[in-house]
Structure formats: structure tokens, C-alpha cells
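Below: one structure in C-alpha cells.
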Amino acid sequence: MNPGLALVLRRTALSGGLLVLLTVVVYVGVDLLPGDPVTARLGPNTSPARIAEIRDHLGLDRPVLTRYTEWAWGLLHGDLGHAANHRPVTEVLSDRIGNSLLLAVLAVLLLAPLSVFFGVLAAWHRGRATDRIVSSAALTLVSLPEFVVAGALVVVFATGLGWLPALSFVPAGVSPLAQPAVLVLPVLSLLLVGLAYAVRVIRACAVATLRSPQVEFLTLNGTPPLTIALRAVVPSVLPVAVQVWLISASGFVGGAVLVEQVFGYPGVGELLVTSVRSGDLPVVQALVVVLGGGMLLALVLADLAAVLLTPRLRTAVTG
Amino acid sequence: ACGGAPAPGGVPLAGGNQATPRKGGALRAVFGGGPAESLDPYAGGTPVDFVRNDVVYDSLFVLRGSDSVPSLATAVEVAKDAKSFTLRLRENVRWHDGSPFTAQDVVYSLRYMCSPDRPFPSQLAPYLDVAKASATDAKTVVVPTLTPVGDPAQLLAAIPAKIVKDGAKDFSAGKAIGTGPYRVDSFEAGRQTRLVRFDGHWDGQAPADEILLLSLSDPQTAVRAVTSGQADYAGDVPVATAKTGVPGGDLEIRTAGEANRVGFAFVLNTTRKPFDDPRVRRAARLAVNRQALVDTVLLGYGAPGNDLFGKGARHYSDLPPLPRDVDAARKLIKEAGAEGAVVTLRSAEYVLGYNASTQLFAEQLKEIGLDARVQLVGLQEFFEPAALAEANSVTFSIGPSPLAVTYGRLGAFPSLGLADPEFTAAFQRALGATDDTVRAQAWAQVQKVMAERGNTVVWGQADVLSVARKTVAGVQVRDEAKYPYLGKAGLA
Amino acid sequence: MKPLVRLEDLALGAGDQRLLDGVSVELGRGESVGIVGPSGSGKTTLALALFGHLRPGVRHLGGRVLVDGHDMLPRRAPGVAGRVLGYLGQDPGGSLNPYARVGSILRTAARGRGAVPELLAGVGLPADLARRYPHQLSGGQQQRVALAAALAGRPALLVLDEPTTALDVLATQEVLAELARVRASGTGLVWISHDHGTVAALTNRVLELERGKVVRDGRPLDRPIRTAGQRGTGESGREVLTVRGLSARHGKRTVLAGVDLTVHSGQLLVVLGASGAGKSTLARRITGLHPQGDGQIRLGDTLLAPDVRKRNLAQRAALGLVAQNPADALHPYQTVRTALSRPTSTLRRTTTTEADVRRLLELVRLPGEFADRLPGELSGGQRQRVALARALAAGPEVLLCDEATSALDTSAQEEVLAVLADVRARLGLAVVLITHDPHVAVTADQVVVLHGGRVATTGSAAHLFPGQDDPATAVARLLTPISPHDTRGVAQA
Amino acid sequence: MRRAGFLLLGAVIVLVLLGPELAPHSVTAPVGPPYAPPGPGRLLGTDHLGRDVLSRLLAGGRPLLLTSLLAAVAGTGLGALTGLLSALLRWVNATLFRLLDVLAAVPPVLLLLLVLTALPSRAGLVLAVVLVSAPLSARVARATADQVRHRGHVEAAVLRGEGIGWLLTREVLPLVAGTLLADLGLRFVLSVYLVAAAGFLGISGTGSDWGLLVVEALPGVALQPWALLAPALAIALLAVSATLVADGVGARAKAVLA
């Protein structure tokens, strides 16, 4: 078998095992979180005796491992159980995951070229004004919380210039893609925040490459700067950059709570936080499995990318 | 009527546009919502769920001010012993699918809502013996009760008890059916609901052709939806936003009025030291700086409270607030030997302002010699019975619900209720009284005990604010002002 | 005619030291000039100065560098590098972009002119190398690819800093022939080398540097053929290292097969072979850096694990290696002192005194104050000597030197070899010397010739280099493949 | 520019360390009306409870350093350690690194909740942030180290029997330090907000640090922007100045690390 393919298969299988581990840890962990679905929901409007009765009725008092086995069994059959409001969890997740993925994919598609561009630009002019400006701007941007960045974008582009909608309302059942304008500001907010991290790390990698003898060789032989950047610097930062993009993307999917809230964009981040807050454990557990599974898959891809993009590692695998 | 000094732009208008809305048009309203929404009236717990349920489903009785008025029921007859009541139902009511409304629907609904299978089982469950409820004919239902209930109409109006169709189990977008003035056209949890007018509503046709309910979890975003023209009305707006004011001449900030304020309180735990001692409870009430709290936490949108919940409800005792007296409080603490006692004040941002008020309360308790410690927790664990039982104070708020509901709720929780024989006896009497004068006396006694040695420090009555386009008219309050009734609302 | 390059009283310094001191030179268009001088005399510094490029730590103290009428210092005039000047540095491995295949490197360098196969053929490399990455090439192959890249730009003046150090005699001849063609087409050369033969072959003017000063500017000296060193005796002590049936793989490609070798204490064993024959791989296999392959490696009586990580300290200490590329073998941020003291402290578990460091530096003829330098502050030859000193530090039984003297001028080389001879005689150290230098090869006790990954010939030096035969001719004869099949060896098997 | 960086960083650090002593007002008790604009005696105005923003800003730096900086350093440190080890040792890559993958697969908010439930204290908060950031730092570190671990000097070190400690800290680390520092700088800022988010979820183990100030000021930002901008800018200032210094020092004194 092709050794590259074998590597992928092995890693994927391993990730499957890790996913099982993840589900156990998370199921049990989430179960141990303070508060339980019934108290969180019914709050003080219901007497403790009645709460106990309902808990008992719902089988929440059975040993956690029993419940885990049932849940995992359902999972194997594609059944993620029911949310607190009795909707099938799969249904609750499906539209939101799509929305979040859309946002994340768009943001990463923009992030990748832009981060490399600014990272290499800053590295090229290291120690000079361009570098200072890019680096300081990047750090200031991350230091401002997301909602401030998002809010500023709204003030400028929606309230001020009126170019874009302030809120990303999409009618029920319609994909945000049908109204691309609503995606612009959320994507931009995510991008600005994610960009900072990527630019800084890529800059550091690029600086190391620019000091290397191969770049000296290219420079002294009159290779145009753009060629040097594209042929020598960019390939050298890519293996690291891919990791950074991956990290950012995972943040965009599960961690974009505030951006989603500011724009009223129905995504997974908000789902996760509200489910945690309302003790809607089936949703939390399902989300962790789906997000975790997606992340593990993405990690395999990132590992693969790191191998493919590092010639020494690639040739060690492919011969 | 508001205390404090609201900013020029932030003076709210009571009630809002009183004109009768014209027929037609679409009303777009924003409320708090999220992925947990549901069309099942006993499965969703977000604000937008309550607002939607109010117009899609009807109740047996509804509150108008402090009175319960007939809705799907036309009358209720209470048995002498107050251990059962008979409901007379309205004729000529039709479901959204055209079928007629019957007594069997009510029996089914009562059982459905009280079943522990519901994510939000009705709070009527401790009162009604729904298993034994029966339809004696097509328009009559007899319901036995578990404890004597003297005024079931109040309970049936105040506790959400939406009537669903007999046998209804599936509440997905195409299937959810009610008798209310609007039917569901499309629905997506956490995004929006499109409601269209149901022309066959028994109470006459609603004004707006269509209501678009938008769900947003962040209140500031909700307000922005209105200011940016993407919505006409946003309910339950934070005080800071109101204070900032709204731009543009066609928007206004409204308050639901004095009668619909929400009481903010610290409920003291009488099962633990030091608040098991009435003197220490009184000291805490003397220590609290009501006006400062109103000015800071409510930014002046409200008034100091008199430590009694239920302002605006029937039989409410409108006593004057206890004036602040730090020296007297210190003396009481000393008498009770509670100097330096550690008191944990449990709070979560369940409602905006809980944490802020608790932090200020802690500072004020420190002044009278208590070692107050704020315990801020997450929403998911806020109401854990065991943790509540350990805390010395819990931050809490209740609107102008009937007193039976308010004290019933508090009493259900040992650490929130007042363990006092006189109080308990008076409360039982008030609940079971079929005669209004007896009831009034009993409630007066309940509140007298509360005022003397009670455990609720209701420091303020908060305005319920909303932002609306000036043309939005006919928005009513039925039970809680935070979840207004839009069945008669529209654009003027 | 206006000179292409003019240096006016150029002075460069680092610290309080002058690296170049009042250098004034003119080079005409199309002119070829050799630069010679002892290691550390400033040749590389001068070559880089032509580009207006100063290595970190080097300062411009005075004087001008004019290329094609443009001032190159303090800031490089744009458009000169590449168009007017082309460059190949002393460290060919590092010059190649590790993320690009050979083909892509050459295409980038050629900027659309010249096809990759022709460029490779020009430096004597097969076209199928184009698909490889630099790390998949042998030292000599890397050097030739880098040379091809420098040639591909077709500048008016090519500055080549020791471009044949890693090449065997045959490959050197091919490269010289190509350079002669390039020169004939009007390109000038600045040829930095320790090999007076190549200097004489390619240039008609030589600058000799000493301590940063031009001490001679004139015709190349037709130096007498070097006095061949002391011929090996062929005597041998006990067997210290035996290798049986050794093979090595890179992925699916077998680059070494069936190699048998015996090293005796005190012996000088020279490994000869054309560039890419597998010499470095052999050394890496023996030292355990390249464990992929079969066969046995014995140290005295003990069988060594193929992977160095599985060998114990004593076993590691017994085998010393000087890698082919000294630039890469020294940590850029570690001082010479660190490099020289670590082997003893890890392998011998003793602390190294300042005197030890000085003694080691003295062994390789470097001044004691170099202990505080970083590799970047050393010349190519100095780095190589530090690497050698480091390998000697732990007192190995067998020292494997992969082109350990290639960057040294003749006298430095002779001194270093004399030191090695002394250690061999005194302590019984066995030296396995991988070399392309015929004059070194003839001093061997035993010679092994590799051909396409197999041992083609083995025998005593006396036997393989008979009589008064010119060493270069003799080595060339040994390296010449017997049949065309041989050139391909096992590499493609 | 580097001088400016040093001065800036010095000033910020002095402010952070001495801040609590310099605070003119109580940090918990109100000193005026809520959302009061800046004025005499209250240079940055008051917050939503009428507390002095300046005092809270001055007092909030130390806990920030104690929690976020510690967490970021520990997180990047642990991550870098695992990442570099994974690049050097195959078995670490096959075991420890895979475990970090599992950690990376748990959404940060949840991880935060789980850890704080088990360990409801500042230590728990630090641990949570470490667990959130380590897997990500590890990836960056491993990918960077993969680019340099084949170099001759690393092989030379292996040949002479250097232990993993030397290989890691002396051979590889100095070459990848620049990237790791960049990672650290950003991890710091991110951990500030992760800690703040913990406060947001009601699970704060700390008093009030700058992150929490930002979060608290959010609802009233239109009334009193300074309550939000001041801590946010303070965080930015700390991050920017530390980075300027790190870049400068890193470029110059690489040898210090080796």
C-alpha cells in the first residue's frame, strides 16, 4: 500500500479511538458539572421534592455508566438523543453546524492568504516601520475583545455607512448563503481577531527563513523579492501556518459566541454556551462529539499537511 | 414617577402608543430566544417562547391588571370545601385546523402540562389532581384539587396554562396548533417565527396580518435590531440601553408602567444562622440602601421597594419602605450576637442586575458588621437545591403575580420560604378561602408577618422597559410585562 | 575601458579586528581572477563585499565598492546582484532552498532562460535529479546543483567561493570544462580556491590575501606539484572496527550494498569514490545516524546497534564523526567553547577545563581566543577545523572524517593531517578519511574505493598507487567506471 | 523603537505591580453615581456600580499577571515542551501528543467549566487555561521544530550522547524560540479573555482583573466607554510593549538562549 495512504488510515483509525476516549471523558465530565438539567430548567419555581420526582422519572439518577452506554449505543445508530425541548438533537445541531462551518470556512479562506501576506511582509521589513505597524496593529486587535471589534465594524459599515446589515437575520429555513451580505461583517470580525495570531506566528517563522543562507544565496543572485517570498519563504512557513489556521478555524466554529451574539447569527458557539447554561446535557454532549470529531479529523489533516509540506518528512514517508 | 434622574434621552413613556392599531401590516418584534425554543408550550423556556405561546395558544383565564378574566373558560365554580372546581367552557371556539374546541381538549391539556415528561411541567401540578379531572359534557370540566384552592381562576391565569388540542404530541412547525389569534407559519429555533393571523379567532380578528418574532440572545443586539430598522419592537431592554437613549425621531423607549414592575430582592435563608434570627433579618432590611440600589442597578428606572413581593397584584399591602438606619441595624446585630458572621450572598446573572445588586448589598451589609461574601455562580447551577440551602441569601425577582403564586413558589423551597407558624397558617387560609373578604384578611396577615419578620428584602420595583417604533400600538400586558401580549398589537 | 568592479581602499571590520584592510582592486569586464590565501584571510569577506553584503557583525570601516559604476556600500545598489554579479557561497548545501525540488530551484535561478536538464548536464549531473529535494543529494551533488543555479542566471561576473571542495577529480574536471565554456562566452570569474591547479586553469590573474590585505596581485603561480605526503605503510594494529555486508536505503532506493570493511587501530583508511557513490552514507551508517539498512557493524568484539540512539555512551564515544558540511554541523548560537567542551562532558563525564579547550584549538591550529566565537563569526576553514577538534575532543577510537579538510588551504591541511598522524601513532587512533584529494589519498595505509554503493576496489595504498604515478591520475583511474553498468551501481537497482 | 518598547514595558510593569497601592479609591465600594464620565477625582469615571474605574484598573493588573500571564507562560511552556519532544522522540509523538489532540477537541468553554468544577480556585483557572492553550502551542512548536531537527548540529549532539534535555533546550529551542515567543504573546492576550469568559459564565476564581473589567463594562459601553476602553487598552499596551521588547531582544541576543 502507498505509505502515505497507510499513514492517513492509521491516523484516522487512531483518531477514532481518541474520539471514543473523548466521549467517555466528556460524558462523564459533563455529568459531573454542577447543576443538573432539571434544576437548571425549572429553577426555584418548583419544589425540591418535585424536582427529585422528575429527575427520577427521567432516569437521571441511574449510574452514569449505564446512561453512557445507552447514549453511545444510540450514537452508533446516528441517534444523538433529544434536547431539553424534546427536539431530536441531530435536528438542533444540523442547521447551526452548517451556519458555523460556513462562517469558519469563509473566515479561514480569507485568513490563509492574508495572514501569510502580512506575516511575510512584516518579516521582510523586520525591525522597520512596516513591521511595527503590522505587529502593533495585530496585537491591539487581539487585545480588544471580539465584541468591541465587531461593534466597531457595525458602527462603521452598518450604522455609519449603511453598506451592510447590522444584524445577520436570515429567515427560517433559508441558508445565509442566499443573503451573502449578512455574512460580511461576522466573517470580517472573526478574521480580524484570528489574523493577529496567525500574522505574528507566521512572521516569526518567516524571520527565521529570511536569515537563512538559502535566502542569502537567492538575494545575491538577484532573485526578485517576490520570487524569494513565494519560493523560499512561503513554503517554509506553510507547515506552521497550517497549524495556526487550523487552530483559528476551530476557534471560529466553537468559540465565536460573542460574534454570533453581536450579529444574531445562529451558530454553534451560542448553542454550546446556552446549552451549558441551561444544563441541556444531550445537546452539550452531542456538540462535543461532533465538534470534537471534526476537530480530530482536522488535526489528522493538519498532521498530514505538516508532513506533506515539510520535504524531509514527506520523503521519509513516500521514499 | 421614576426615582433618580433619568438622562434626557432616556425618559420612558408609560404604556406607549394607545391608538388602536390599523388592520394589516407585519409587526416585527425581537425577544430573547435561542436554540432551546420550542412550539410546545411546555417545552420552551425563553422569553420569545412565552410571547409566542400567548398568541398561538389560549388560556382558560388571563390576567388583566390584577383581575382574572375569562378566556377559553367562561366561568369557574368552586366547591364549598374548595377541593374541586368546575370549568364552563366557551362555545364556538375553533382550532387553527378548523376543528371545534371541546372539554376533552382541556382535560388532555391539564394532564399534558402537569406530566413530569414535559421539559417545563406546569406549576399547577402541586395544586391540581389532574389524573382525576374529567369532562362531564362537551363544555364542562371538573377538576379536583390536591389542596384547597379558593380562587382557581387566579392560578389558571397567572401560571402559564396553554390549552393544546386533545392528543397533541407533535409540535413541529407544521403541526403545532392552538386556538389563539395567530397560527405558526414557519419556525426556526433561535432565529425567527413567522406567525400569520388566524381569522377564525373567537375574540375577533387580530390587527396585524403577520407577526415576525425574531430571537436574539443578546439584549443589546435586540435593541440594535430596532434602531437599525430591522425590527419594530424589542422587549425587556436593559436599563443601560434605555439610559443611552435611542436615536431617531420615530423610536421611543416605553415602560410597562408602575403596576407592572418587577420586585428585585434578596431572599434570606431562615434555616441557617444568622438569618434564622428575625433581628438579623430586620437588620439586613435596615441596612439596605434602597435608593442607592435603585439609582445604580436600575439607573433610576424604578422605585424603592417595601420588602413585599407582588406590587400590583390583588390584596397587596402597599406599606411604606423601611427607612435606612445603619445604627439601629448594628444594634440589632449586636443583640443577636451576629457580629462578624459570615453571610454568603448567592447570585447569578439570571436577570440583568442580579450580580450588581448583590455586590452592592454586600458592601452595605459590611457596614453593619456582617462579613458578607458574594458568591457569583453560573446559571446552570444557580438553583441547585443543596447550594441554595447553604447560601445565606439568594438574589431573586418576581413580578406582580398573584400573591398565591408568589408565596406558593417561595414556600415550596425550604431555604426561600419563611418558616413561621403564623405565616404558614395565614397562607393556607388565604389559598383556600372561597370568600373574598376572608381572603383579603388572610393576605393582609401574611404580609404583616412578612413586614415584621419576613425574609424577603425587596429593595426595589423595577420598570420593564422596551424599545419600539412610535407606530407600534396595542401592546398589552397580561401576566408578566416582560412577555407582552401581541394579540391586539399592530402598527398604527 | 571602464572596470566592471572597483574596490577603493576597502576596509571592513568586526569587533576591533580588521577583516579587510585597504583593499584596492580593479576587475575588467570578462576578466577572471583567482583569490587565494590561507584560511581566514578574508576571501569570503571580500567576495561578499562585492555584493555590498556584510555578514552579521561585520562593519564597513571605509573605502568604496563600485560595481558597474554603482556604489555597493553602505547600501547595495539595486539591480546589480543577479544581472551583473552571480554568487555561489562556500556552503553549497545551505544555499539550496530545502522546500523546492532541484528542478524548481534551477528554474527559479534561470528565470526562464535555459532548460533544467541542460543546466544539470553542464555540471555533470543526470537529469533525473531534477525531481529530488536538496536533502536527497550527496554533498557533491548539492554543490554542483548550487553551481548550476549560479550559472543559470548568466551574470557578467560570477563570484565562486570554493566551488569544487566537495567534488571528486572527475567531477571537478567536468565542472572546470563547463566553467571554461562560460568564460569563453564572455563571463568573468572571481574564483576563490585553495587548489592552485584550478586557479591556474581558469584564471590568468591571482590576488593573494593575507590577514585582510592583498599581498600579491599577479599571474597565477605555476606551483610545483605538491610534494606527495608520507606514503602509507600499510602496517596495521588490532581490528577496531569491522563492517560486514553493510547496506543502506533511502526509502526504497538502496544507496549502499554489501560493503565490507575492516579498520585497524592506528590505521589511516581512505575512502574514495565519485560524488554520490555513498561515502557519506557509509559514514552515517557506521555511526548510526542512518539506521535504515542491513549488515553488521562491530566495534572490537561487540555488535553495534544500527541506530545510534540504541548505543551506549562508550560505544558512541568510540566512534567520532566529522560531518561533510561544517556550516550545518555547528549550532549557530553555541560558542566554540561549548562545541568543544560538550563531547567530554557527555561522553566521558568529565568537565572540560579552559586548558583543554585551548589544547583542542591548538591541535587544529586555531588561536585560543576563538573559544568565544560563534560559528557565524568564523571563516569556512575555521569552522571545519572546529568541527574536527570537536570530534577529537572525546578521544574516539575510530575517527570518521567526511571531507574534513576540504575547506583548508594546503598548509593548514598538511598541519591538520600531521596532527592526525601524530595522534594515530601515539594513541592508536584509527582514521577513516573520506576524501577527494589525491594527495591525501596517497598517504593512506589502506584504500577503499566505492562505486555506486559497492566496494569496487580495496587494497593498500602502496598497491593502488604504484611508483611515481601522479596521485591525481591514479585516483582518476580508480574512479573511472569499468563498465557503463557500473556508473549506475546499486542506486537504481 | 526598542528603547521605546523597554520604557513602555517598564512603565506598564511598574503600574501593574504597584497599582493596588496607588489606587486612590476602594475597589469594591461605590464612590459616585454609576457610569459617571471622567472628571476631577475620578480620572476615568465610574463603572456600572459607581466604582472608580481608575482604582479598579490599577488594582486589576496584579491578578491579571498572576493568572493570565502565569497561565499563558505555563500553557505555552507545556505545549512547547510536548511539541518539541514530539518532534524529537517518536514515542512522545505517538502518546502524549495524541492526548493533547483529545484536549484540543474539547471546546474551550467546556474545558474551562470542567476544570473549574473540579478545582474552583485561581489554580483551577490557571490549569484550565493551560489545558486549553497547550495543545495548540504544541502543534506550532512541533511543526516549527520539524523544520530544524534534521540539522547537522542536532545529529552531532545525538552522536555525542546528549540527553533529551540538551537536545531540546540547547539544540532546537534556540532556533524555534522566535515562533514560540510570538505564540506566547498571543496566548497571553487570549488567556486574559478566557479568564474573563470564566467570569462571564459565573465561574470566576479571581477577583477583578482587566479582562473582567472589560466584560463588566460591556453592557454600559455607550454610557461610559472608558470603563471598557481603559482595561482593553491596558491589555493591548502590555501585549504590544512586551512584544516589541521580545522582538528586539530576540533579534539581538539569540546567543543568550544557547
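Letters A, B, C and D mark the chains as written, and numbering starts fresh at 1 in each.
Rule of thumb we're sticking to: contacts are C-beta pairs under 8 Å (C-beta built on N, C-alpha and C of every residue); 3 or more make two chains touch, one makes a residue touch a chain.
Computed from a predicted model, the values in this text were never measured in an experiment.
Steps from subunit B to subunit C, minimised over paths through touching chains, total 2. Among the other chains, the CA centroid farthest from that of subunit B is the one of C.
Interface comparison, A-C versus C-D: the higher number of contacting C-beta pairs is recorded for A-C. Rounded to whole angstrom, the centroid-to-centroid distance between subunit C and subunit D, based on C-alpha atoms, equals 47 Å. One finds 43 Å separating the Cα centroids of subunit B and subunit D.
For the pair subunit A and subunit D, the distance between mean C-alpha positions equals 20 Å.
In subunit C, the positions touching at least two other chains are 135. Counting only residues that touch two or more partner chains, subunit B has 377-379, 382. Residue positions of subunit D with contacts to 2 or more other chains are 113, 150, 175, 201. Across the assembly, chains come into contact as A-B, A-C, A-D, B-D, C-D. Interface residues of subunit D facing subunit C in the complex, by the touch rule stated above, are 150-153, 155-163, 166, 170-171, 174-175, 254-255, 257-258.
By the touch rule above, subunit B contacts subunit A in their complex via residues 34-38, 40, 43-45, 116-117, 119-121, 123, 125-126, 173, 186-194, 214, 216-218, 221, 224-225, 227-228, 230, 350, 377-385, 387-388, 394, 396, 409, 412-414, 416.
For subunit C in complex with subunit D, the touching residues are 135, 287-289, 308-309, 313, 316-317, 319, 321, 323, 325, 328-335, 338, 342-343, 346-347, 374, 390, 394. Residues 1, 98, 101-102, 104-110, 113-114, 117-118, 136, 139-140, 142-144, 146-147, 150, 175-176, 178-179, 181-183, 185-186, 189-190, 193, 196, 201, 214-215, 218, 221, 228, 232-233, 235-236, 239-240, 243-244, 247-248, 251 of subunit D are the ones that touch subunit A when the two sit in their complex.
On the subunit C side of its complex with subunit A, the touching residues are 48, 51, 53, 79-83, 85-89, 91, 94-100, 104, 108-109, 133, 135-136, 146, 149-150, 153, 155, 250-253, 327.
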